[in-house]
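After this come two complexes, each holding chain A, first together with chain B and then together with chain C.
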Partner chain A sequence: MTGKLLEVRGLKKYFPITGGILGRTVGQVRAVDGLDFFVRPGETLGLVGESGCGKTTVARLLLRLLTPTAGEVIYKGQNIVHLRGRALQHLRRELQIIFQDPYGSLNPRLTVAEIIGEQLSIHGLARDRQERLAMVRELLAAVGLEGHHLWRYPHEFSGGQRQRIGIARALALNPQLVVTDEPVSALDVSIQAQIVNLLLDLQERYKLAYVFVSHDLSIVRYMSHRVAVMYLGKIVESAPVAVLFERPAHPYTQALLSAVPLPDPAVRRQRIVLEGDLPSPANLPRGCRFHPRCFIRLPRCREEEPHLHDCGGGHLAACHIVGGQKSEVGAPENGSRTESLQGRAPDVEGADINPRGTGVFRG
Partner chain B sequence: MKTQPVPDYCPSAAAAVAEHRKRVSDFWWQLRRNRLALCGAAVLAFFTVVALLAPWLAPYSPTAQNLPASLQPPGPAHLLGTDEFGRDILSRIIFGARFSLPVGFFSVAIALAGGGLLGMLAGYYGGRLDNLIMRVMDVMLALPTILLAIVIVTALGPGLTNVMVAVGISLIPNFARVAKAAVLGVRELEYVEAARASGAGTLRVIFRHILPNSLAPIIVQGTLSVAGAILSAAALSFIGLGAQPPTPEWGSMLSSGRAFLRDAPHVTTFPGLAILLTVLALNLFGDGLRDALDPRLRQFNR
Partner chain C sequence: MADTVLSIENLRTHFYTRDGVVPAVDGVSLSVRGGETLAIVGESGCGKSVTALSVMRLVPAPGRVLAGSRVYFAGLDLLALSEREMRTVRGNKAAMIFQEPLTSLNPVFTIGRQIGESLRLHKGLGKKAAREKSVELLARVGMPQPERIVDEYPHALSGGMRQRAMIAMALSCGPRLLIADEPTTALDVTVQAQILEVIRELRDGSGMAVMLITHNLGLVAEMAGRVAVMYAGKIVEQGEVSAVFDSPGHPYTEGLLNSLPRLTGRTERLPAIPGVVPHPACLPAGCLFEPRCAKAAERCRVERPELLLRPDGRQISCWPQN
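On to the complex of A and B.
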């Protein structure tokens, strides 16, 4: 589990804003603004952040559905950013995506057999129709659907079943890395648990690596081995799941975690409520992009953008206050640091290497 | 591929193939179930047969003049009466189907091919190509359809074939707009992205995923336009650019009978009815076709 299946370096995607009759570029939306992360084989990397922080763009970039403005995406040691033709086609077999919207992600005019079988016929994985159908049946069984569903159309299924079809489609090519773009956020909570557990089972069975994009922290905690928190197109903190949830270093992560409801009404906790709204990615603040909303900001945060700093043990955070940078600065400018989250006893320390988080879905 | 036994609850391969065939026949089944669409199809088939068998069905020659018997009302000798030259109107309508129907269908076919393709390119690729195509379409739309057709047919010279081409070209912008809007709506959907993510080529994405899902408005536009095309061709015939005088084209019959509207309304009524019936039949059939092509609108039939 030490090699890197996928590594992203300095990934950027800027969308131009055009204006005027001539369509001149008048600005840029910096949807993804310099990302670095990696995924090990068979591992789940949770990618969390609020709406509009660029999570979905990252998913599209990894799949080469969008071309990055800058940066490298290295899959198995090969930069895939400029792959074309046959090489790109080959990559498609190993990298797949599961979409958020189970209603929009299936072509309403094709049957299940055609939707899943299309993957196989594009890549010539089945010798003939019979073999293709048999393979589709296998896939349906793997995701908990039945053989007679083959000839049904998407509108005949429920949301959860449709998502299973989407999962079967992603698995058809036997990929090694599956990017899941909010795969359960469009589903009922009871169905979410089923789909999440299905994803975990499939991961174990087919040794899949996931990039699990979500805004739902409890699901991310349950699914992921490591978590990266995004804010306005940048990763502000990344760490193994237990570390991130028990000892969040970045004030944004702390605020996010404090918003997660706890199932125990006896536990009292101080909520960190962020002031202000998410700034527009077309007009980013100077210095640290989080400073206008930060509750512990320093004068320096207005001027200087912090870089990811290693806090040890694979825990990275981009904040001037954490780590070695802390000593250089004076007292926080705005209120005192909230200790509530940090004060919680870490109950997963000493667990096995790369443990998943805990959650309410199983057990 | 994963190795895993095929579950035993699956139907056998033969049964699966049978079910697939049944599904294909569902399309015809659905179309047949829709009574109105069936009526439309029947009327269209009727006119087609009439056009094909015209020389055997028509009681008189469509061009033989009989001046003493001009402007006779419908009666036993002439079932639908005669026009100002004493020509039998029924025979002229029967032969007219040979001109009016092809004019409608071929001009729409031209518009559909040209406009559909341009609209699809504009919608799919967007950006500069879209701008270029749609601005040219805007220029064409700025002129009234009939005026544009007149300009084109004047350049090509009068005649029924040129009228088809002219009407077809003048309808291109309408089809381009409809096709572009439809493609634009579908292009951004996730299943198109999913197809791309699985390595589907541009042609596969367009013809398997985008086109079938943007077809409904184009079909409706097509069936409505056949009617409009027949009328446009009639108008061109009226001003002397289309069917030349003895040719029994419905539109030109309509316009030449206009002078006698007060005294002999049957001269215009019957060709008008023929046009009306064709147009109505086309619209009903078009609606049925659209519904039968869309699995979401299919009624439960097992």
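On to the complex of A and C.
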């Protein structure tokens, strides 16, 4: 895996907030606020974060379903931000998306043959009806559906089957990069595993690259080669998957990982419980976006926004405190230990560093 | 050992739809003791929520709890109570919180008024006293600035704050039983952690019994002492959480646990359970799980196993293998 299939530089998307009878812009929701990342061919980049962090907006920006406010999206060396008309249509053959909601994303009035076959005609990939149907049949087989499903409507399928139809539709044009936006979060546990396995099989078979957007850390760990963690429109940490899950550097990643309930009653972890809620992306905190909820914050974090910096081996973190910038750090604001957090898993550390002492249960 | 707070015997709740009878809950028996958390776990449509609604006598039409079902709560036969008597139990001694806090809060009343409502109704508190008590309850569930929030409307609150308000409401009359139906499913993991901590503290502090309904096996492991696994309207396995997770007795439980992606350990292909849950209108004649079961034998196809108590205290409904 060499080279970059897709590269994003300084990507921003602001949504205006309008008010008053004249509909003047009175503010901005900074949904995506300066992202840099890349995807190699055949690789899965996991994009993980909580609701409102901007991950779905990123998915839509990559496909040009939204136009960015600023920044570049470079696909195979070409900036696609300003593509129009035929060039954009051509691009969409190579970039596809699978949506979260298998109920809302399929047209209820079309049969499966039409849902999947439509784009084959639009892009002129099938010469006639016979050829088109043959191609759709082949796609259905690839996602584990059968030929007699061709003439059925979406309501006749279960959630898992519908998601298979959505996957077949995404694959129809033989794309190189598929953005999957929470593809399994609407599905039951036993069906989730089926779809996750299908996505992995298809990746192997068609050499697909995925941008796997999800809030579910365990699934991201299964699917991804590299993971980027988003918080309020920014990437706060990114690393190869094993590194991120073994040695999370950013306090937000640590808290996020420690908050996932483990299906193992024998494991008793110390948990970092963050205070408060996600701030509104329309009214971002000054300095580090995470500082109001951070358990290791310093006075500096309130003033100065940290940028992603390398902690070694492609492990990037945006935090003043962790990862090699310690020399600049003064005394911690709340008398907590900072050293202990560096490069350590949250289940070993983080016990005595919550300022209000609410951070821990089950010692 | 604390007293049994809730005991359900052979609960059957069927829905009489145009397309036929749907046995949403079909012969469920379980009990919860004070200070204990019993988790009911299963996938969508397995009947876990209908079980909870049946206890609270809130089953929507065309659903009906069949004769022969028994629900005993704190010495009362709930199914024999009149609707009027039931109203003195609901929200008072037995409270319930739901998955989506926004749709279960009334958008046109302030938070304080909604919490105060049950206090005034069940405890006969005056307007002022109810308000003061509401502030106190909000503080107890960790709501920031309770004096301000008490006068806010639900739309002004975040998801986590709404769920805290719901919990404050459920706890207002000091219930002996809290039924939590997917209480954190709509919330982010960091907020989920906060809410779980609140529920756990309140349970340990007051000795209240908790019935936790969830599809998340991680929550079961962290919150519950005992677990009942449901599949297609029936309990297929019930026992201590540590024992069930350590050595699942039913192939469905085993399949569920194996198909979970984990945060640690190996990341090979997930062993998925093949197939889908049977449609409730055309259930298999034998074991309900047989069509998806890797260990199914001839007997499983024709004869449905009963939920039997094993010597180790676990209940499993599966024909003995080997």
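By definition in this document, the second predicted complex is superposed on the first by the 332 of 363 C-alpha atoms of A that agree within 3 Å, B and C clash if a C-alpha of one lies under 4 Å from a C-alpha of the other, contacts with A are read in each partner's own complex, and residues count from 1 in each chain.
What we mean here is this: a contact is a pair of C-beta atoms (placed from the backbone, for glycine too) under 8 Å apart; a residue touches a chain by one contact, two chains touch by 3 or more.
The model shown is predicted, which means the values in this text are computed figures rather than measured ones.
Undergrad: Clash or fit: how do chain B and chain C relate after the overlay on chain A?
TA: Aligned on chain A, chain B and chain C fit with no clash.
Undergrad: Under the stated touch criterion, which partner chain does A:A259 make contact with: chain B (first), chain C (second), both, or neither?
TA: second
Undergrad: Could you look at A:V273 and tell me whether it touches chain B, chain C, both or neither (first, second, both, neither)?
TA: Touch partner of A:V273: chain C, not chain B.
Undergrad: So, A:L217: does it touch chain B (first), chain C (second), both, or neither?
TA: The answer is second: A:L217 touches chain C but not chain B.
Undergrad: Enter the shortest inter-chain Cα distance between chain B and chain C once the structures share a common frame, rounded to whole Å.
TA: So the smallest C-alpha gap separating chain B from chain C comes to 12 Å.
Undergrad: How about chain A: which of its residues touch chain C in the complex?
TA: 50-51, 158, 160-161, 188-194, 196-197, 200, 215-219, 221-222, 245, 255-267, 271, 273-274, 276-278, 358, 361
Undergrad: Report the residues of chain C in contact with chain A in the complex, numbered from low to high.
TA: For this pair, the touching residues of chain C are 43-44, 144, 158, 160-161, 188-194, 196-197, 200, 215-223, 241-242, 245-246, 255-257, 259-264, 267, 269-274, 276-277.
Undergrad: How about chain A: which of its residues touch chain B in the complex?
TA: 23, 60, 63, 65, 88-89, 92-93, 96-97, 99-101, 104-111, 113, 118-119, 122-123, 125, 130, 133-135, 137-139, 141-142, 146-148, 150-151, 153, 155, 166, 169, 172-174, 206
Undergrad: Using the touch definition from the top, list the residues of chain B that touch chain A in their complex.
TA: Its residues touching chain A are 1-2, 4, 6-7, 9-11, 13, 16, 19-20, 23, 131, 189-191, 193-200, 204, 208-209, 212-213, 294-296.
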